[in-house]
Each structure stands twice: as structure tokens, then as C-alpha cells.
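Listed below are the structures to be examined.
Consider the two complexes below, in which subunit A is the common component and subunit B and subunit C are the respective partners.
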Partner chain A sequence: MTSMVLSALVATSFGLQQTDLRQRLVDRGAAPEFAQQVAQVVAGARTSGLPVEPLTDKAFEGLAKGYTAERILPVVQLLADRLRAGRTAAVSAGLTQPSGRIVAAAAEALGRGMERTEVVDVLRAAPGPDAASVGLTVAASLVAQGIASRDATRAVATAYREGRSAQELLELPSVTSSWFAEGVTLPEVVKRIHEGQALPFPPGRAAGRGVVPGLRPGTGPPIAPPGKTGTKPNRP
Partner chain B sequence: MGDSRKFSPAGQQYLDGHPGPESLDPTERAGADRLLRAVEAYAAGLRRPGPELDAAVMRRLRDEGATPSSSWWSWLVAPHIVRVRPAVLALAASLALVAWWTTSGPRAPSGAGAAETVLVRFQLAAPDAHDVSVSGSFNAWSAPGIALRRSVVPGLWVVTLPLPVGEHQYLFRVDGIQWVADPGAHAQVDDGFGRTNSVLVVGPRGVFGP
Partner chain C sequence: MRAALLWGVLVMGTPALVPAQQVSALVGGVSARYADSISGSAALVGGRLRYARGGTRGDVETSVARFTSGEWAAQLGAQGVFARSVTRHDAVGLAVGGSFNKLEAGIWSATAAAGPFLARAAGNVTASVSLSGGWARTVDSSAFATGTASLGTRYERGRWRLESVAVGTAADTLRLLDWTVVAGWRTPAVSVAGLGGVRSGDLASDPWWQLRAEVAIAPWAALETALGQYPRDLTGFTSGRFATLGMRIDIRKGPPVPVRGTDAFRAERLGAARVRVTLQLDGARSVAVAGEWNDWVPTPMRRDASGRWTAVLGLRPGVYRCALLVDGARWVAPPGALTTDDDFGGEVGLLIVPEA
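The block that comes next holds the complex of A and B.
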């Protein structure tokens, strides 16, 4: 009797999740057939122990941007494949049951051009599961900022081995961005990172008061935030 | 009961049993006496309700008076003894927790190990825009997004959002039709659809500017 109740509860929960996802997709303008296809991809990922939130978010993103179902579905499927690769990398780093966050971060890092061995290096250097996902995220962000994946991997792994915390590493992209904004060249930024100049951090604004300058698309250099001077180039 | 004539005030008092019979006109008194006899005769024919009436009324109230919803409510609020295996109860609670966690609550950013949240200010210079919003991984790319408001600086649109530490991907949306990257973001990354998303990595101290 108990097993029947358990089975019913699990099946009901799974079914509700699937129904809920399909309904959420339809609510955002997806055709029912497309919603069903996405739900199948998500169900397969869940069965494989992969995090499904990146998949649903990518489908939502595609719908928000107005892409067709034919365009969105391959992207979601590709992301599912990348999540599998991320999970494989995490397992090869010695994590038998990697968390969804680690798998998602590993997938994102692979998607930005990091090698599987580099992902493994970061995971092995991290002092814990939370630090592992943060380390991958920071390394992937540095790569997105133009830093070579080997340099980004080295920077994160070295910081962890020197006892830096995940919270400290999370500020590394901001520091790097500030250097680029000041006109520091990419080689010099890499040199500063390797020399540990990014940690401890230069004085920044108070917590919760970060400012992200914006720019009207297609127009000159970004304006400075109110009360600030200077400009911040978008990318090095 | 066919006597419909009106009685004088003295006659009405007589009917109520107060005045003496000598104060009434004999004709009116005769009419009042007939009326009193008729009432007594009618009352004598009435049967005094017994305890079976109370039981019948309460039975009807239970069977017919209560609506289905109130019956459910009564069942729900009434105490019952329910036998549940602790393992089943624990599993049901776990499933409920998982369902709640996966469908609600703030969107955890990629790589966020802690649930720390800081305020991050987004801004976009768009002098010709009529409205600007921002959508991203922090709100599951929901439309129409989070509206920016006009700043005191002409042409500048701003909004300050509480974001968990970690990485967030997002874009601005101008006039509801044009997706615009944030040139002040930490980076721009491939969105998988052939375009780019802006990326911010929010640290415990927020986001550094130039």
C-alpha cells in the first residue's frame, strides 16, 4: 500500500511539473505542440539527473525574443547536450553526484570555450560544491571578457589554492571590468590577475550600490554614471 | 372567526383580560365573548409539539439544510484521526517542497553558492525611447520585463534591482520591440540564437563601475 502511495505521489509530482511547464510555455505564446516537445526534452534531462532550469529558461528566452519553435527547440536540445557534457566533466573531476548548479556552470563554461580539462581543474581546486560552481562561473565570465581560458582557469584555481573564498572570486569580473574601463590592456590585465593584484580588491562602491553604465545602442562611448567622470569601453 | 367588527378600547382591554365586564356595552361584550370562545376552541384543537419535533427539525437541517461546500468545510475543520505512515508523510512533504522550490522563489543565478542579494542599478542611455525594460535570467525572461524609469539625467533610463550574487544574463528592451545589449555589462556572450546576451557577475559588494 505504501509503495503504491509513494508511486502515485511521485508520478503526480512529475506529471504536475510537466503540465506546469507546458502551461507556462503556452501562457508565453508557445504552440501546444512546441510546448510538448520542450517538455519532452526537459523530462529526458530530468531523468538523466540534469538541471532543467537552464533548459526552461532558454525556451522562455527564445519565446521572449520572438524566435520560432523551429529555432528554439534545437537550441534547447543543444543546451541539454551541453549539460550532459558538463555533468560528465564534473564526474570526471571526482564529483559522483554533482549538483545542478555545478552541472549548469560547467555547461556554461564549456559553451564559452573552456576545455573539459580546464573545467576539471577548477572543480578540483575548489574547496567545496558552492565554490566549485562559483569558480566555474567566474572563470567563464573572465573568458567572456576576453581572457584566454587557460589564464582564467589558472587565475581561479590559484586563488582557491591560496585560500581565497568564493565570495572574493565573485568580484573578480568587476575588478577586471574596471581595469578595462581604465584602459588597461588585455595582456596587462592578465598579468595583474596572475600577480594577484585583483585580490584583495581595489576600493569599490559600497555593497549593493553597484552601477552598470549603459549606452544608447550604436552611439559613441558609454556615458559615465551620474556624478562620475570618465568612460568605460564596452569590451577590450 | 367571521366577526370582523372593530372593538372599542374598552372592548380590546376586555379581550386582553384587564377591565371588568361592567364597563362594556352588552352588545360589544357579547361579541367579545363569542370571539374569546372561538379562540379557545381553536386553541384546544392545536396539538402541543413534543420532543419528536425538535429531533425532526434537527434531522432536516443536517440532511437538507447544509450545502455541499459547508459539509466539506465541516469535515475539514472537524477533528479526525488520520493514520499516516511517517515515511509517506515525509515523502509528501519533500515532494511539496521540491515542487515549491522549482516553481517559485527568486531565480538563483548561475554559480551562486549563497542566497545573498545585493542591489544592482541598471541604466541605459536611450533618449529617443518611449519605454525601456530589462529581462533576463533573474526573471526567467518574462515579458514585458522590469520597467526602467526616466532618470533626472536627460535620456537616461534607470532601475535598481535586488539580485542574488552570481552571474546574470539579460538584455534591455526598448519600446517593446528592440532588444539592446548593455554596453556597460561585464561581457557579452552568445545567446545560442545567433545574437548576444549581456552578462553581469554580481559579487557580495555589488557591481563595480569604472
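The block that comes next holds the complex of A and C.
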């Protein structure tokens, strides 16, 4: 009896959610038929236990950017397929009930060209669920910059195994991006990543150095002219 | 002369022997005028090695100069830092440094020091405190122990940085306190810094100032110039003025200092769930930011006095896909942001909201 009541409640809630999504899409300018199609994709994903936020987000993004329904719907469907693959990868990594964020991040990583085994490597190296989704996002971002997926995977997995935090890892794409902006070649960027140059210790990196542009007491003048020294030492 | 030659070999040959990541050579000239009106000009050849890996960083800089009067002088300076993060915001470590100055007449001076430091970063501000103990040898051949305590603060915002460093020094019978303030501005191609300093206690001198600039003229070369004043120092040099101009040539280029975000696009935490997003977008009449946090409903951005566009968003730490709506018609990824495909043939930016 209890399970029947629960089922009824879930079904009612589910129906309300569907109606709500359709209405929100229509309110944003979508045709009712398109809204219905998106809602069906979302319903299928929800039934499969997949996170639906990435799907609705993709639909809203497409609408906001002015794409047609014919363009948006295949993208949403493709993303649903990726989410399924992402969840499979997460389960392969030993996560029996992966969170929606992890599944979404895994789907993103797969969508950027990472292999399932690479996604699994990152998930296994991450110290926790939040770190896992950040690691996948970072790896996908590196791949989007042109770095081979195996190199991106190795960089993220190694960083986690060395005890780096997710917050530190978020620095990685910024650093590689700045290298590319400076004209550093891809092989050199990969080499630097593997040497650990992309993740120096984060806080206080400048403060301890005391690097001040100029002279400090005891360092002498920029150049000592001959005959200058030894004649009037400033010793007391 | 033979010693000068040996030093030259050291200057130019060391890069091949040391596992430095960044190696550069400097060719230029220097002119200095001292408090007692003795002046000298010299042609200068130098080398610099830099190494950075994990929490270990080091610089070695050396030069040999031949004066217009025929004599030569050589200088060597080195510093290294071995640091380790102890929390997300704190680091501790050991800093070492030293210098060596030698003149043709066999006169030389040197300093060496090492000590621990503690640094804490909070937002754009980094504060540090350090102690050091060392040794100095003066040009008149006396030597004594030295000790310093310093307190530094550094503030960075966009292309600007502001530093304040107070250093108390005890050396033999000398007691002095130096306070320097540095303001710097840099782009990928240009770096400008100005320094002002005052001293109280022994070896008192007038306040001093220095200006330094580097301009990249090619991916492998930059012009460097500096001028200003310097104070008396522990090893026997009086105060004076100097001007240098040279070209630095990268022989091997290493990694830049990593930055969080970019100058063009950054997110600052204002509270547990509030973030100020700032970006530079020239030529736009209106800018709105949209993303996965609110069904891609554009939030208008406001242009501040410096010309940057800002908006305050209700976001918790994380990574968010986002894009800009420019002039109400054009969607673009935020300039300078990390980007990824939007699956529609375009790009979206990744907005990284750091933890507190």
C-alpha cells in the first residue's frame, strides 16, 4: 500500500515537472510541439535515472541563442545519449550511484573526445565526488584546447594522486591557456604539464620570494666602478 | 683579465650545465654615478637562469662588465624558495639568497642569507612574514653576521600589483629599517614597475626610487631599461644613481607564473553565493551574461568607470557554462575565458567560481 501511494506521488510529481518544463519552454518562445518533444526526451532520461538538468539547460541555451527546433532537438537527444555513456563510465569506475554532476561531467568529457577508460581513470584518481566532476571538467577543458585526451587524463589523475585539491586543479586550464597565448607549442605544453610545471603551490607564491624590482640592502649597486670601493667603506 | 675571461665563460656556459627552465642573456650598458661624484660606464653581458617546479623556485643572475676605462667588474646574485602549501591559503617554506661582487683589483664583497617564511593568500591579497640569518663580507675585508625580519603585503588586481615590504636588518652594530613600496603594471608584452623606499636607523640616506620597464620586441627578445637611485648598503657601497639599457634574449623559455582566471574575464567571490563577474569587451554598447544557472536568461552587465563590464550573480563555487549577449544580438564566449564547444557549432565560456 505504501509503495502504491509513493508511486502515485512520484507519478503526480513527474507529471507536474513535465508540465512545468513544457510551460517554461513555451514561455521562452518554443513551439508547443517542440516543447513536448524536449519534455519526452527529458522524461526518458529521468526514467533511466539520468540527470535532466543538462538536457533542459541545452534546450534553453539553444532557444536563447535563436536556434531552430530542428537544430536543438538532435543536440538534446545526443546529449541524452552522452549522459547514458557517462553514467556507464561512472559505474565502471566503481560508483554505484553516481551523482548527476559526475554523470554530466563524464558526458561532457566523452563529448570532447575522451575515451571511456580515460574517464574511468580520472574518476578513480579523484579523492571525492566533487573532485571527480571537477577533474573531468578540467580534463575536458584541456582536450578542448587541443591537448590529447590521454595527456589530459594523465595530468589530472597524476595531480590528484599527488594530493592536489580540486581547487588547485582548476588552475590547470588557465595555465595551459596562457602558455598557448604566449606561443608555446603543443608538445612543449604537454611536456610542461607532465613535469608538473602547471601547478606550482597556489598561495603565497610571490610573497615568500621577496622579489622586488630593485636593489635591497646588501646587494650592492648595479655596477661598481673600478677604484670606487675600499676607499670609503660604510662600516662604522 | 684572465679572471674576467673565466667569469665570462661561467656567465655564458652555466646555462648548459644547470637544469634551468628559462635561460636568457642580457647585452647592454650601464652608467652609474655615486654619492661622491665618482662615475663609471660599462658595457654589460649577463645571463639569467630560472627554475620553477612545484614549490621550488630559483633565480640566478650574473653579469660581467667592462668599463670604458678598461677595467672590469663581475656580479652574481642568486635566490631560491622551497615552499609547501599547508592549507588551501597558507604556505610555509625556506628562502635562501646571496650575492657576490668582484672588481678587477681583487676587491670583493658578498652576502648570504637563509630563513623561513610564512605566506597567506586571501582573495587578491597575499601577506608574508619571514626571518633570515646570514653573513656579509665587506669590500674592506671585514665580515659579520646579519639578521633580518620582514613583513610583506602584495595586492593584485587585473594587470596591477601593489607591494609593500618592510625589512628590519641587524648586522654587526648596524640597525636599520627599510620600507619599500612597489607598483607594477604588466601586459603580455610590457611590464612597468616603480619603486620607492625610505630608511630609518643606521646607514641613513635620502629616500630612493627606481623605475624599470621591459618591452617584448619578439617572442624571444625584450628590451630592458631601468634607472633610479639606490641606498647605501651593508657591504660598503655608498648610495648613488644608475641607468641601464639592454636587450634580453631568451635562450630557453620556461613557464610563466600561473594566474587564476585571466585579465579579461574573472570571477570574485562576494559571499557564500554571490559572485562579481568582470570582463573587458571593447566596442560593445551593451553586454549581458547568461548561463546554465538561470536557464540562459541574459543578465545585463554594467560598465564601470574603468570601462570593464561587471555583474553580480548568485552562484556557488563550481564551473558554469556561460556566454555573452553583445548589443542584444550577438552571442560570444567571454574573451579570455576557457571555452568549450556549445554543441551548436559555437563556443561557450567556462565560468569558474572559486571557493572562498
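To be clear about the criterion, the second predicted complex is superposed on the first by the 189 of 236 C-alpha atoms of A that agree within 3 Å, B and C clash if a C-alpha of one lies under 4 Å from a C-alpha of the other, contacts with A are read in each partner's own complex, and residues count from 1 in each chain.
Simple rule for what comes next: a contact is a pair of C-beta atoms (placed from the backbone, for glycine too) under 8 Å apart; a residue touches a chain by one contact, two chains touch by 3 or more.
The structure presented is a predicted model; accordingly, all values stated were derived computationally and were not measured.
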Report task. With the two complexes superposed on chain A, say which partner A:Ala131 touches: subunit B (first), subunit C (second), both, or neither. Result -> first
Report task. For A:Tyr67, select first, second, both or neither according to whether it touches subunit B, subunit C, the two together, or no partner. Result -> both
Query raised in the report: Now for A:Asp20: first (subunit B), second (subunit C), both, or neither, which partner does it touch?
Result: first
Query raised in the report: Of the partners subunit B and subunit C, which touch A:Arg192 in the superposed model: first, second, both, neither?
Result: second
Report task. State whether A:Asp81 touches subunit B only (first), subunit C only (second), both chains, or neither. Result -> neither
Query raised in the report: Do any residues of subunit A touch both subunit B and subunit C, and if so, which are they?
Result: 28, 53, 56-58, 60-65, 67, 71-72, 75, 78-79, 108, 111-112, 134, 137, 140-141, 144-145, 167, 170-171, 173-175, 177-178, 181-182, 201, 204-217, 219, 222-226, 228, 230, 232, 234-235
**Report entry** In the complex with subunit C, residue positions of subunit A that touch it
**Finding:** 24, 28, 53, 56-58, 60-65, 67, 71-72, 75, 78-79, 108, 111-112, 134, 137, 140-141, 144-145, 165, 167, 170-171, 173-175, 177-179, 181-184, 192, 195-230, 232-236
**Report entry** Contact footprint of subunit A on subunit B as seen in their complex
**Finding:** 85, 87-88, 91-92, 95, 98-99, 102-103, 108, 110-114, 116, 118-128, 135, 137, 140-143, 151-153, 155-157, 165-167, 172, 174, 178-193, 195, 199-210
Query raised in the report: In the complex formed with subunit B, which residues of subunit A make contact?
Result: 2, 5-6, 9-10, 13, 16-17, 20, 28, 53-54, 56-58, 60-65, 67, 71-72, 75, 78-79, 101, 104-105, 108, 111-112, 129-131, 133-138, 140-141, 144-146, 166-167, 170-178, 181-182, 201, 204-217, 219, 222-226, 228, 230-232, 234-235
